[in-house]
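In C-alpha cells below, several structures.
Both complexes shown next keep subunit A, but they swap its partner, so subunit B is in the first and subunit C is in the second.
Right, the complex of A and B next:
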C-alpha cells in the first residue's frame, strides 16, 4: 500500500501532469466561453420552464401565453419609444429594433434579447410536434440502405434496428415524451454542445492524460535507468502492478477532476435547474444533423438528468479501456515516446478503418464498434441520429469486448514482462 | 562534417520514419482527400464551364468572348434542354414544348394546388432524368444550362454596377481590394477561374490540414533528438571531447537540415499527388487570377500558380518555426513524457494558428499589416529561443 501511495504521489506531483491538467481546464473554459453569447437566452428559457413547468399541455400554454403577452407588450412599448411609430407585426418590430441600427442602451438590448428569445421559444413550442410528424425511421432507413446499395447481411442487421427505433418513435409520440420543454435545438444546439463538444473534449483530454500517466509511471524505471536496482528488490517485477494501480487510479481521477470542474462551471453559466426532468427525445431537442433536422431518439425513455449521468458513466468506462490499453503499450514498449506514437497511430487507424471499408457491407459497422469511434460520436451514445443507426448494444458491446480484449492483452504482456531479460 | 552526418543519422531513426510514413498515409486518408472533390451539383458544372472557358478563351474573358460563349456553348446547352423537354411525356401532357415556356410557367405564382402539383411534376421530370446517382460525378445538362445562365448573367454586369451594389458589404479595409480587382477586370477581362479549385481544395482542405501534417511530422521527428541523448548520458562524455560544447550547434544544424528535408519531401509529395492525381485538371487554371469580382476577392491579385506557391512557402516557413520550437523544447525538457505533454497542446494550438495565418494571409493581413508583424514576431520567437539556448550552452556551469 505504501508503494502504491508513493507511486501515486510521484504521478500527481509530476510537472507534466499538472501542466496538462491546467491546459485542459483552460481549453474547456474557452469552449464554454464560446457559448456565452447565448447565456442570457438559455437562462431565460430555464426561468420560463420554472414558471410554466416542463410538460407542454393546456396548463403550460395558458401560463406561457401570459409570459408571451407580457413580452409582446414590452416589445410594443420599446418599439414605440424608440421609433415613435405605431406598433406593427412582432417580427417587423424586432427587425426594426435589431437590424436597422437604432441606438439601444445596454438594458434595452437585453430587453430585446429577452423578447426575441421568448417569442422564438413560443414558435418552437408551437412547432415542437412537427418534427415527429411523418418521422418514419423505417422509411428513412430503407432509403439509406438503397442509397448505399446495402448487401443482405447489412440489411438484415440494420432493419430490425430501424423497426425497433420506429417502435420507440411511436412510444415517444404516445407517451408524451415529445411534449416536454427544452432549449430549442435548432437555435441553441445545447445537446450537441454539451455532449459533442464538451464531453467529447473531456474524454479526449482524459484519454491523453491517462495514457501519458500510464506510460510515465510504468516506464519510470527504464526512463531513469533505475530498473536494475528496482528489479532486484523483494517487490521486483511486481512493482509494475503497483504502478498500474496508481496510474489507473489517476487515470480515473483525471475525468473526475475535469468533469468536477468543467460541468459545475458550465451549469452555473447555463442553468438547467428547471429542465432536468425534460426528456431527451422531446421535439424541442431536435437538432441539425447534416442536411436534415432530426430528434434524438433514445433507445429507452431518458430524462436530461439520466442521460447526463449515463453518459458520464460511459465516459468512465471508455477511460478505463484507454488506460488498460496504455498499460499494455507501456509494458510492451520500453520507449514511452515510441509507445505513445504507436498508441496514437493505432487509434487513428481505428477511427479511419470504418470509412475505408465499403459501407454496403456489415464489416463497416462492426469495425466501428471500437472505443475511438465511440469517442467520435459522443452525442449519439444512447440515441439514434441519422439513418446509419448505431445499434442499442453498441456501447455495452464496446465496453465488454474491448474490456475483455484489454484484460487478455494485459495478462499476455505481464507474462511477457515477467520473463523478459532485463 | 562527420558529426553532422552522424547527427542526421540519429534523427532519421528508422522507427520514427516508419511511423511518419504510416501517420502521413492515415492523415491524408482522413483529412486530405485526393479524390475528385467536385462532387454534386452545381460544383461539377461550374468547374466544367471554367474548363470550357479557359480552353477557348484563356485565363480572362472579355465582353466579345462572352458574347461568343453565349452564342455557342450557352445556346448549345439550351438546345439540349429543349430537345429533352420535347421528348418528355410530362411536358407534352402539360403542353410545354420549350424551355422558355417552362420558365414562364415556373415564374408564375401557383394559385391552386393543382397548379403547384403540375409545376412539381414538370420540375421532377426535368431533374429526375438527371438525378441518377450513378451520374453524380458527371456534368448534367440541366445544371450545365443553369450554371451557364448564372455565369453569363454574372459576367454581363459591369464593374461599376457591381461595385455600386456590393462595395458596402466589404469591410472598409477591404474595399480597396474590391476596387483594385474591379479595375483590373475592366482593363483585362474577367477571370475564368471557377470558385471550386480554391474553395473546395485549398480553403476547405489543403490550407486547413496540410500545415497540421507538416507540423506534426516535424514535431515527431525533432522532439526526441536531444532527449535521447540526455537519457543515454552521452552528453557528459561529449563535453569532454574536443568538439565539446559547440556540439549543440552541430545538432541544431542537423535538426534544421532534417526539418527542411522532411518539409521538402512532404510538400513535394503533396504537389506531385496534386498535379498528377485527381486535381490534375486544376492545372488548367494555373494562369487565371484568383481575385475576381465574380468569385473571391483577395488582397493581391495573384495568378493561381502564384497562389499555390505563396501557400507552400508560407506553410514551409511556419512549419519550420515549429521545428525550431521542437528543438528548443527537446533541449529544455528531460524526458519523453514531458515533451509529449508539452507538444500536444503546442501542436493543437500551432495547427489552429497556422490555419488562421493561411486563411487570412492574402486578405486581412494585407489590409492590416500589423497582423503580419505579429505573426512574424511569433514565428521568430522559437529562433530566438534556440539562439539563446546555444549561447547559454557556451557558458553553462557543467560541474553543478
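Right, the complex of A and C next:
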C-alpha cells in the first residue's frame, strides 16, 4: 500500500499530468461555450416539458396548445407594438421582428427567441412521427450490401441484424417510444453534441492521459536510470505491478474527474431535468446524418438517463482497455516517448483500417470492431447509426474480446519482463 | 554462502563471461579487471538484473532467481552508474528505496538518519539532489545500499568520485561491515582493494584469471620488481626495453620502477623492490 501510494503521489504530482488535465478542462469548457447561443431555447423546451409532460398524446397537445397560443398572442402584441401594423402570419411577423432591422430591446429579443423556439417546437412535435414513416432498415441494409459488393458471409451476418432492427423500428412505432418530447434534433443536435462532441472529447482526453500516465509510471525507473536500484530491492520487478495499479487507478480517476466537472457544467447550462425519461429513439431526436435525417434506433428501449449512464459505463470500459494496452506497451518498450509514439501509430492504424479495407467480407467488416473505431462513433454506441456497427454485440464484443486480448498480452509481457535482462 | 557455478553469459554472439566459478563467504572480495572484462556483468548477475546463459548462482544452496524476494531482501547493491530522482532530497530518495526494500516507515526514518549521518550528508538531507556533486550522489548511493543492513553487499566502483578522506572513511566502514557479511566490490582503484579486500579476484579474457587471498596476490611478482636510476638521455632506451611500472624525473635523472622476469636481464645497479597489487594489476593486464 505504501508503495502504491507513493506511485500514485508521483503520478498525481507530475507536471504534465496537471497541465494536461487543466488544458482538457478548459477545452471542454470551450466546447460547451460553443453551444451557449442555444441555451435559452434549450432551457425553454425543458421548461415546456415540465408543463406538458414528455409523452406526446392528447393531453400533451392540449397543454402545449395553450403555451403556443400564449406565444402567438405575445408575438402579435410585440409585432403590433413594434410595427404599428395589424397581425399577420406567424412566420411573417417573426421575419419582420428579426430580419428587418427593427430596433428591439434585450428583453424584446429574448421574447422573440422564446416565441420562435415555442413555435418551432410546435412544428417539430407536429412532424415528429414522420421520421419513422417509411423508415425501412431492411431496404437501407440491402442497398449497403449491394454498394460494397458484400459476399455471402457478410450478407448472412448482417441481414438478420437488419431484420432485428426493423422489428425494433416497428416496436418504436407501436409502443409509443417515438412519441416522447426531446430537443428537436434537426435544430439543436443535442444528442450529437453530448455524445459525439463532449463525450468523445472526454474519452479521447482520458485515453491520452491514461496512456501517458501508464507509460510514464511503468517506464519511470528506466527513464531515470534507477532500475538497477529499484528492481534489486525486495519488491524487485513486482514494482511494475504497483506502478500498473497506481496508473490504472489514475486512468479511471481521470474520466471520473473530467466527467465530474464537465457534465455538471453542461447540465447546469443546458437543463434536462424534465427530459430524463424521454426516449432516445423518439422522433424528435432524429438528426441530420450525412444527406439524410435519421432517428437513433437503439437496440433496446432506453431513456435519455439510461443512455447517458450506459454510455458513461462504456467509456470507462474502453478507458480500461486503453490503459491495459498502454501497460503492455510500457513493459515491452522501456522508453516512454517511443512507447507513446508506437501506441499512437497503432491507434491511427486501427482507426484507418476499417475505412481502408472495403467491407466486402465479414472479417473485413469486423475490423471496425476495435476500441479506436468505437471511440470514433461515440454517438452510435447503443444505436444503429452508420454502417460500422450494425449488430447489437458491437460494444460487448469490443469490451470482452479486447479486454481478454489485453489480459493475455499483459500475462505474456509480465512473464517476459520477469526474465528479461535489465 | 554465495556460489557461482560454471556461469557463462552471452549477449548474442558476444561472450561476456565464460564458465565462471566462485564462492563467497564472509569478508571483502575485490574484483579487479579492466573495462569490458565482465565485472559489471558478473555483479548484475549476482543481483538478478541479468540471468546466466548457462550455469547457476546459488545462495545457501538455493538458486537465487527462484528465491526471488527472499534473496533480494538480503542484498545491498550500488551500481556503477545509478540514476536518482533529481527533485528528490536524499531523505525522500532513501525513504522510497526503504519502502521498496520492505523496511517499515519508522525503521526507515531511523536508518535514513543514521546513514545520512554516516555519509556526512545530514546537513543537506532535505536539499534537492539535482544540486549535488558527483561525490555527494555517490555517498547517497552508498547509503541506500546499506539501508536494509544487507547480508550481501555488492558495490560496483563505490569510491568513484569520493575525495581521499571520504574514501578512507568508506574503506574503514566496509572493513567493519565485512565481519559478518559478504562484501563484493569492483574498482579500478587498486589501493581500495589492497587496503580492505580479504580475497582478490582477477578476471581476464572473460574468465577468472586468479582468485586468491590478498597476501598471496603479490607473490607472483616476488623478486621481479626493481628500482633503478638512469641518466635522462638513456631513459627512452631503458623504457623501451623494460616493463615499466612507474617513471619519475629528478635532477637530470630518471627513476624507474620496473618488472624484470629474467634475473640475467636485471641491470647491475638495480635494487629489488616489494611488489604491490597495482604492480600485479599492470602485469596481469599488460596486453590490454
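Brief remarks follow.
Criterion: the second predicted complex is superposed on the first by the 418 of 422 C-alpha atoms of A that agree within 3 Å, B and C clash if a C-alpha of one lies under 4 Å from a C-alpha of the other, contacts with A are read in each partner's own complex, and residues count from 1 in each chain.
Assume a contact is a pair of C-beta atoms (placed from the backbone, for glycine too) under 8 Å apart; a residue touches a chain by one contact, two chains touch by 3 or more.
Computed from a prediction, not measured in an experiment: that's the story for all the values here.
When the two complexes are overlaid on subunit A, subunit B and subunit C sit side by side with no clash. Once chain A of one complex is fitted onto chain A of the other, the partner contacts of A:264 are absent, as it touches neither subunit B nor subunit C. Touch criterion not met for A:396: it reaches neither subunit B nor subunit C.
Of the two partners, subunit B and subunit C, it is B that touches more residues of subunit A. By the touch criterion defined above, A:230 reaches subunit C but does not reach subunit B.
Once the two complexes are laid over each other on the shared chain, residue contacts for A:23 go to subunit B alone; subunit C is not touched.
Within the superposed three-chain model, A:349 lies in touch with subunit B and out of touch with subunit C [touch as defined at top].
Shortest separation of subunit B and subunit C in the overlay equals 5 Å (C-alpha atoms, whole Å).
Residues 225 of subunit A lie at the contact with subunit B in one complex and at the contact with subunit C in the other.
Contacts from subunit A toward subunit B in the complex involve residues 14-17, 19-20, 23, 27, 147, 208, 212, 215-216, 219, 223, 225, 335-338, 340-342, 345, 348-349, 351-352, 355-356. Looking at the complex, you find that subunit A touches subunit C at residues 2-3, 6, 221, 224-236, 238-239, 419, 421-422.
The touching residues of subunit C, counted against subunit A in their complex, run 44, 47-51, 68-69, 72-73, 75, 77, 79, 81-85, 96-97, 99-102, 105, 144, 148. Those residues of subunit B whose C-beta lies close enough to touch subunit A in the complex are 15-16, 19, 22-23, 26-27, 29-30, 133, 220, 223-224, 227, 231, 335-342, 344-345.
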